[in-house]
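Next up: the structures, one after another.
Here come two complexes built around subunit A, the first alongside subunit B, the second alongside subunit C.
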Partner chain A sequence: MDLKRRDFLKVLGATAAGSLLPGCAGETKKLIPYLLPDEEIVPGVANWYASVCRECEAGCGILVRVMEGRARKVEGNPTHPVNRGKLCARGQASLQGLYNPDRLQGPLQREGARGEGRFKPISWEDGMSRWVSELEKHPGGAVLISRPVPGTLARLFSTFIKEISGRLLFYHPSAERALAAANHRSFGIDLLPEYDLANTTYLLSFGAPFLSDWLSPVHYGFAYGRMRQGRPTVRGRFIQVEPRLSLTAASADRWVPIRPGTEGLLAVGIGQVILQEGRARLAKGDRGRFEKFYSAFSLDQIAAETEVPREGIIRLARGFSEAAAPLAIGGGSAAAQTNGTNTLMAINALNLLVGNLGAPGGIRFLQPVEGFHSAQAHPVSEQALLDLRGFFKKQKRSVLMLYQSNPLYALPSSTRFREVFEDAAFVVSFNSFMDESTALADLILPDHFFLESWGDFLNEGIVPTAGLAQPVVIPRYDTRPVGDLFLSVAKRIGGRMEERLPWIDFRTMLREQWKTFLARRERDKSFEAAWVERLQQGGWWGPEGRLVSVSRRALPDAVEPARFEGDPKEYPFYLSLFESMGLHGGEGANRPWLQELPDPMTSVVWGSWVEINPKTAREYGIQEREIVRVISPYGEIEASVIYFPGNRPDLISIPLGQGHTAYGRYAKGRGVNPLTLLAPMIDPLSGTLATGATRVRIERTGRRGRPVLVDQTGEGTRRHPEGKKGET
Partner chain B sequence: MRKWAGTLLALWVIAVALIVGFFYSQGSADLRGQDRQPIAFSHQRHAGELQINCLFCHRGADISPAASIPPVYVCMMCHRSLKAQTPETQKLLTYWNNKEPIPWVRLQRLPEFVRFTHQMHLNAGFKCTDCHGQVAQMTSTPRAATFEMGWCIRCHQRNGASKDCFTCHY
Partner chain C sequence: MVEYRDQNAPPGGPYRWGMVIDLDRCTGCEACVVACHAENNIRISGEEEASKGRAVNWIRIERYWEGEYPNAQVKFMPVLCQHCGSAPCEPVCPVYASYHTPDGLNAQVYNRCVGVRYCGNNCPYTVRYFNWFEPHWDEPLNEQLNPDVTVRSVGVMEKCTFCVQRIRGAQQTAQKEGRRVKDGEVTPACVQSCPTEALVFGDRNDPNSRVSRLSKDDRGFGLLEELGTEPSITYLKRIK
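Let's turn to the complex of A and B:
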């Protein structure tokens, strides 16, 4: 007893002394003053710079807090009409892109065979000379795959590529090409619309994950809040139709777990009921056409196909058509099928039936900001990228250039897109990180990070704005802005090219563009004054944009269930790949803050997992957290199982974004990339990859995995282990 | 046997107390601070004899949370035209000629979870000497007060300033 007591006191004393030691050491021992004072910097006082976030394709306005020349915090710009002072996790984590330890720090040249991953630094002069000489050696063979950069950079790229008779492809995996194609076919307009969620009273969403990653999540998240709580007397009702209970579905009043690929049929069923019950608000000329189209379907058959009972469809139709301001939207899982475009057109037809085009709470097509010539950057679909395979085979001597795009990761291996890289004579990457595509490059000329660059961003659709981006910190590394590179090459090539791109650097070009733009809008101010004011504001936005009138009111060509790859007997499960909230399609995987952002439905961090309905899992005898093998006709992956009652029993869902084979220390070798499972199935109308069109089976491995869940209490998703079937 | 144990225990407690006390005094008083500085800078000489205003060197004090250490350039505004050099001013010239900042040792320190702003206190009418002591009479610059929470609170209490947690911890 005595001994124990003595030991205890010893330990106590030692601990007390030990705990004081680090306190004395202190974190900052030295105070290093400036050598020369900087007039614009007062140590301890923050400067806030307005700019545009480029972490996804939404283009939110941001304010960056900069102290002593370092960017410390990113917040939303309160006056920017897209995000109104709000910002998502990805925008917040953009600082970890800027200060990422794996950023490419200067130009690199390949050593050894392509793909071996050995690079050696070269000077900018040598790098530029190599690039120019390759361009000159392969006339007409240049291909630039760039992320969409709507604004002055798009104009620069398109002028440059046109002059060397090359090809320019704007591509981003989450560009919602099916939506653009469907709107073009339904309404005859080549713009993304604004869905006026804020004034809707009944929102019927087919798979659109607008609260996590769809189009402009911050904008729609804000509008959603106003729809639910912003009006004193009305609380908008919200129904989400999708096979997996996403974060968006979890916020809905009702979730309809539909059979994958039949969303268009359900929309047709709802339309049929609306027409039959005489609630359609159609123009006179359209009535006959619509009645003929809808009468071709049987409601009972639709109920059987969609697995939504007949009464459920009638209830949805009545709720939708009786509402004062109904709105139907579609995207995400509904668009990720081989019939995606037709599905979205069937959803558009619902909006035509209730006549909400241009109305408050409906669909509005707004005229984009005018005055920027040829600055639009319409993204292309996956099919356009895959068509490069033939082009490169024929050409045999092409120069492939990559700007902020990583198609080798974003496209499934079954599409054999790697051939494009193998057939290219020369590959140049302007990316900031050593990602999967850049690792196969011959020459790497890294761009500044967006917080170090000049730029602008034209928001299409949502609210017509022109965001203006300025560098907020001095470039950290020996990188160069991609605009400057193209302009200096234009100078070297000379002739007509130099005439059309005469600017000495990209900042001058940007200022010239804005000079003509602002000259028409702010006549009473000098350009210098207006320019400084726009920089402070973060861009230009006027009053509400003009409405574009709809020239066409078309019905879908055909509505039928989607096609799937894989025999249902051998591969009994549907597969749903969803973008993770933080990592999106994988671009966020090298930001530790986003890796440790818990998935909102399962609370998993830092890894991949497979979501299975607990009922199905028990049938297979699969324990939670056991590693399971998911097999498709095209590949297989292994990951830990998380019981997820929000899955249909015939559905396996896996988050996208992990499983990088490059892309820095935080991303590389973490989790699995479920895209390897996918068959090369394409929605023919839009050319979009149908990520939901591959069937899979599962196999037990018997091994136990170690997924990291933040919610370890057994609550949350596992509160209802029975996995009750959702209401319809 | 039991007696020995008691004595050992008492010795142990005393030893721990001594160690703790040693580190505690080190942390709060910085008595040997002057020796640790790369240049034996004297506030008595600059602020006392030469009557240089505190804000001439610590330019951030009334416009920033941080009082700030003067850039080497500010030292050189006077020192570049001095005729007679001492070994200590020679050190300053060496730093300047090598284009190196002077690695001063930090003596005044607050934990990370405290937000103190010089600007607010100066604007409220306090003098630098109220907290930092009569530096004009000190050759070395020890910590004049503990800068611990009790000390802050007492002053806030005396002057009727806010005692809300979020005044300093946010």
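Let's turn to the complex of A and C:
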């Protein structure tokens, strides 16, 4: 790590636009990776570089248009099997992360008390020394919370952390841990499945927001288009079951507004009808077991609990079981309860009942790319993070490291996760922005933005795919790739650590991983030729993956009611928090394009709002746009009301993503973070936070808010009945 | 009428660019909206200006709420300039800033525009946007700007161009090779990003183009077509 700023600038000048720079000076002589030699870079003529989008956890393939050394536009990579040339709003806006005015521009060291927010620039040399000395001072006390980075970086992190006997937690709020837990229990498989939406004829979705933020939204969006209009004679039907009419439900043929927390019960009711009407396509050995399970429930009771009428349940069961290619999926609001895992298992059981595992239009578990060394990054649940509290209390001398992770924002204050920061002896952040967690760090060693970095990404669930990411522009600031930092520390520590991580920089490590991998795939080519080809293509993907056989066909352990925090008399409303289209869980809040992206359902921009069913609002005498106070046993927030006809009358819904106390000029101090309302309720089977398990009440404030709606019709969410316009 | 003589006229007659939007595929995800902002240097308005109704979205998602709980439903409709064959915005422009190109685009010449906003008033689709203030990007956000597209200054009306910079690029390439632009060779940014393939772009003068074939669908209609604007965009009804 002896690249000085001066050398940095020299290299910058010498290599001209479009070249790239690894973090270590020793390597600069061997710069070759750009596919076009410099003389071919013509002003006004664009070069395109393939890479992998890291704006969410889907890992779509991208092509970046670069002119005069600046990234101008990001497009989907047409050959990439995940997104097939398509890209979502967030992927498009990644450029505003790269060119964000609030990016951290170099290493910083805390001044004053922790959390005071005062930092002063330090040199990389000093920063690295401090980090290493803290690691050495606290043997066995290192904890790295990283966003899931399936690929070579995961291997680097896990090897490093293992060697210093630390802990490594891959965490992301949208990692769908409940789904992973349910699939493990239902099918005995620890992989995310591929749902073959494109060939489905009847899609029954329990809350899964697959058109906005679930698993791989562009992939499923593409499949959805084909399901509806991609087949000459068949148009797939689509039913969405959830308490709030979400963006996904808006596209459904029918929306079933179920009582929150009873989704699993409805799935059981549907299963019971299918069995009773003799439409189940079960394996022989399973029939007795299934009949015994389903006969224990009364359909009338289910109808009463779920508030879906008996005839409605029968209709759903017939529609589902009579379809040529039915598919049931679950997630989002259905998984956000304390019984989330069992609910998802009950939904899985519906798929078992119609026997669609491995069938076209059904669920398929595909073998991921083989030949990479232990490069998986299994995400952990919120519970695993909260368990750190005890660990840090005991250790009292631990080093907390954060990589592209902002747990202080993502976890409700009621979980007291802040204690982990308070108890940590030293906090290091590698994040690119001054987010809530980084603001509490003692040392900030900012990573390159993903468009400036080398990397790879192993996609799970879809066609076996290993995306290959390359820097598309020269790193803009005095940042360094996190992989290089860890490798250079490995060198300083020496011994076994150096033996296991001998690479001079992350690019070399990545190349070596790919060398082994490609040696088995493309035997007839030299590595250099194959490598350049993979860079041009954006990775490696094979033909259809091998199906993983299902070893278990389990029913839910129990179908118990969801637990809720808050007395229904005092707190009469259910609460539903949903990821907003542009901001998702809050990561998008510092991109002005996404702040200004109108919410598709309400057209609100640049702020937070509270959605209430108009009838309920009128009962409380609440005007539209009036500021209302939402109170839970754990906190309260204030925001403007938007009448929302797609809410159950007993439901309050609030978008996630705003209310940052840091994270740059576009995000900080804007709107409210509804996570502050949440009780620390956990789904015990998966350990995920049950974001739907807190009850709330509302109070009028009498003040009028100023939510910004950009609806051209000026009608907001008010209904448009035939002939009459905008009557409320 | 003066005959327009295009020396670069493509073999086999002019193009007529058009679009088909399948509402049965559109999910309202707004990928098109951000793609358009990125491609066309659309300014960031900020909360204050947006609250005055000055946010610019060349393509926007309109929503139509119908019914009451529990039968509430919402339908989305992407709305952009319809590139009308008989465009109400064109004859009202005193300086010919709003004009019709030979290949069917409803174009706006920014350096002719004097900002009287007659065109915006006369557009039934409200897809024309006026620059009420000088556009501004906090540095270094401006480094993303597309060099192929003008940044419009204060006092100028702007609108969707069907990504004319891409169309012209493809036309020039085809011209050099002595052929017509192939179907699917050029796509505006919104069409390119659309995950569900709800948006399709192409040449309506080519009977075999996807646009020509899809626009014959029974579900097809033109937005406010009863006004006689002859829109170039055919919407396909959502099935519900």
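Quick notes
The definition used in the following text is that the second predicted complex is superposed on the first by the 676 of 728 C-alpha atoms of A that agree within 3 Å, B and C clash if a C-alpha of one lies under 4 Å from a C-alpha of the other, contacts with A are read in each partner's own complex, and residues count from 1 in each chain.
Simple rule for what comes next: a contact is a pair of C-beta atoms (placed from the backbone, for glycine too) under 8 Å apart; a residue touches a chain by one contact, two chains touch by 3 or more.
Keep in mind it's a predicted model, so treat the numbers as computed, not measured.
When both complexes are overlaid on chain A, the residue A:476 reaches subunit C alone and has no touch with subunit B. Of the two partner chains, subunit C is the only one touched by A:594; subunit B is not. Of the two partner chains placed by superposition, subunit B and subunit C are both touched by A:44. Of the two partners, subunit B and subunit C, it is C that touches more residues of subunit A. Overlap of the subunit B and subunit C contact sets on subunit A: residues 44.
Across the interface of their complex, subunit B is touched by residues 2, 6, 9-10, 13-14, 16-17, 20-21, 23-24, 26-37, 42-45 of subunit A. Within the complex, the subunit A residues that touch subunit C are 44, 67-68, 70-76, 83, 85-93, 95-96, 98-101, 211-212, 217-218, 221-222, 224-226, 228-229, 235, 245, 247-248, 250-251, 253, 255, 257, 476, 581-582, 592-594, 596-598, 600-601, 603, 605-607, 613-615, 645-649, 665, 706, 708, 710-713, 715, 717-721. Chain contact summary for the complex, subunit C toward subunit A: residues 22, 24-25, 27-31, 33-35, 37-39, 44-47, 50-51, 53, 55, 57, 60-70, 72-76, 79, 126, 138-147, 189, 192-198, 239-240. Those residues of subunit B whose C-beta lies close enough to touch subunit A in the complex are 2, 5, 8-9, 12-13, 16, 19-20, 23-24, 26-27, 59-60, 63-66, 68-74, 96, 99-106, 109, 112.
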